[in-house]
């Protein structure tokens, strides 16, 4: 099962999901993909590779389009797309990824604190699960692949 | 040309685009669609029609899914999807619509203040135009349909 | 908005939805389609037109395939598919239509008595609304098209 | 060849097909997938992982949506979808899966007792084979892969 | 309902279907399309418009491709594709159209004499009806649109 | 029949096709669409509407993306895409449109002088007709719609 | 490269292509698939597995549908579909496969004697190559994979 | 990641990209595909395999269609399509490939000298990156796969 981990890049939620799955043993055939999570590299990749821009708008555009090469493939190849909303920043790219994945018919899991429930209601309505903690995502993946519920 | 006007529902930007297009005369064949813009009705439609929920999470879910009947058709039928980001609220549903429309290959126009440029860079990178004012959207529609530029 | 009314054919729920929408006035632009609801004609159409079959299995097959010409177009053309489950018969064709519509990405409304909730949970999980009474479907269509909630 | 075994979960028909294929030797390249067949786990997976619900309707919804992550992938990845109808329960999820698979253009085999022939005629009309016994499904898979008929 | 009448061009079967439907009154909303049925024009259209070819193979290619402009649109726009096999010629273009229509998910009706049943079994297996006479196609269209069976 | 006229914008070939079809009478149901053919407006539309750019590269990008709103819809809505290659300029946008239309399965007619035959061989290989003069395109449209060949 | 070899089953053309490719060495990464070529098994598979039919029409239907499980997968998985027309029988299934493959956008190679050129012109017009001998198909595969032309 | 290298065949840009990626070590999982780059073989493959043509137009057609077997698969299988425009020839096949890839939703990188910027503006507007040197394409691939920027 191919899983794309989209969204918030400032906490260790991806590691927690990855480690949680790894701890369940090699029988659990899950491959993870994710965007580049180095914030500075992600912001500057366009100009670092393809040349500087005076205008910040095009600086951002160049970077966002290079990142889209990775993101689009990550979502297109995924069976399941997990989108994490944290408590900082606008996170419109996370919601954009969720919409993009929903339109492609991907199984969507949203990982969010309860305080965002109302603001995320349209996103959640397109999802197959709304989780609070990375461990719940691990349990979903285990159950979906093996039928085993948490002890 | 079918145009869906997604996003912010607290200012008169939809009216300004509609009036601007109407002022150009009936030659301009544009049909607009939009979500329900009555905030209270939009929040409560699910429970008002299908029965109350004790849990706010499911109250929201019921409403968001009823609204999705309209939103999905609006985007699916559109040639152009305009998504407006304002200066309040999380607006994740707007970004979700943008992602959804992008995945369906719709022509996307983002209408946003400059202060959001960096936060919206991934959304903008999927768009064919980033406008600042409703009048610019009117001019794009006029040009696209008639080839006429602003005087 | 094109609405396909699938499922149970022994009560007047289609008329109640049609009349309810008509009572709201001609502003409500809804076109309804449905399977042939004459049970005997529906069962025998294949052999009546294309010749008798000794074997009941092929008698049924011929009829089901002629009916599929209508059903497939009805679902393919629809924006919204309403599927009604009543309290008699197996109704596997209703559930089949729901699955077919879901896979095509149609907006699905399920109309069912509460006693079927557990048995229909997988069907309901693919729907945007679960209604109990035809009048609720009327209200959903009114709200989706006009933004007006029940008084 | 990827085969998804949908439907009835109270008899050993999946094992009989799996063993039958295995008995034909390793030349027969068939990979099977299926829903979680532990009835209790399947019913409770949503609340067991994501938290309890007071309302049984949402208890069921949460579980059905988690199960849908597995089911959708199973059907989407399949070349052949076998749907078994038994003699108990409503089995609307089985018919829903059949409709979903049909709309995706999957090759459909229905496994059913003769007593259900009339009620399943619309489902059967979308199938490439209607079998009575698991052994017939094994023979179909053998023939389709090797061209060998039963002795 | 849009109906494309493909295949044999040497008898009056299209007229018989058209007249039969017309005789049922204007309530029957059927629009017919068909290939060019003037055999000579169909064979020579390519070179007549785009210039002569010395090599008969390319003479034929040019014509077949011009005809494909009409055929592809006719099939793509159709809800129902009727393919008639007569008793002369190879009629591979008829079978090609049937395969093309089947892959697009069109509802297929095959009109054929019984003597071709064995040779057409793969084509018939993709169809929703196999008719013997044009009048049966008329009756199918009437039933599918109105639910009325032959008297 | 919806026809999109892509490519060269410096001669009157679109008028010649439009006039030629009009001269055949109103029975010929053809609707034409085309890109904006005012070269200066087409080059500057982006900055004229959305604000100047210092960098010519982004000046061009803004314009090309606004024009893409029209072009994409024109091709997506078309049954037939005619692409004209003239004897000046690089005309990569014409070839791009041809490739785009081919991938969408549109019927493609290429209008080109013989001197470009070798250079256009890959483009022509995806087309259903290669014409030399606008009048030939008129004749193709007449034949495809009415079955009538040139006198 | 996945190649499906459809059509005539009474000569050794599949072996000649397979051997020809094998003789070029293991660098040529081609996997072949084909229908069941045992004529008797192919005709009787339906009734042999699923039970006898009194009516020959349904005998044939059952077999054709079981064979379709293999054929559909073979074409769907293929990059290239080769369809061979021989000098006997109606071969409508071959033309049906060609149409089915064309509608799916598969690269089509037709293998046919010159005497069939006129009758196959519509089929050939959808193909990327028309070959006379199996050896030409081998050379096409070699060239397409390695860029090497016949000595 | 599967990368198709389309366009100009007279300089060593493909080798430079291939070597650049290889130099980064085997961790970089990139598979390259490309058209046949032997100009003479590419021009003559059709007639060399399938027989001579007197008319140069059909000589070219035969070759272009054989090459299309490779090109279509190359683009269809690719995650990323790089299209190189050089300073000679018409290069309409390169622009055609870009349009074809864009319509399929492939991530597009255009590699071009600055002198072509204006002429390529419509092509570039559909791309996620415009590079000047093969080394920049290598850096994009490295970043997209590993998140590492140039030193």
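Which chain is which? They are A, B, C, D, E, F, G and H, in the order written, and residues in each are numbered from 1.
Just so it is clear, a residue touches a chain if its C-beta (ideal position, glycine included) is under 8 Å from a C-beta of that chain, and two chains touch if they have at least 3 such contacts.
Computed from a predicted model, the values in this text were never measured in an experiment.
Considering the contact criterion stated above, the chains in touch with chain C and with chain G alike are D, E. For the pair chain B and chain D, chains touching both partners: A, C. Counting C-beta pairs in contact across A-F and across E-G shows that the higher total falls to E-G.
Note: the chain lying farthest from chain H is C, by mean C-alpha position.
Chain centres here are Cα averages; for chain F and chain H they lie 24 Å apart.
Centre-to-centre spacing of chain A and chain D amounts to 31 Å, using the average Cα coordinate of each chain. Look at where the CA atoms of chain B average out and do the same for chain G: the two points lie 50 Å apart. Residue numbers of chain F whose C-beta contacts span two or more other chains: 65, 68, 105, 130.
Of all the residues in chain E, the ones that touch chain F in their complex are 36-38, 41-42, 44-46, 48-51, 62, 65-66, 68-70, 72-73. Looking at the complex, you find that chain G touches chain H at residues 1, 79-80, 105, 107, 109, 127-132, 136, 139-140, 143-145, 147-150. Interface residues of chain H, counted against chain F in their complex, comprise 56-57, 60-61, 63-65, 67-68, 71, 85, 89-104, 116-126, 130. Contact residues on chain F toward chain A in their complex (touch as defined above): 53-55, 58.
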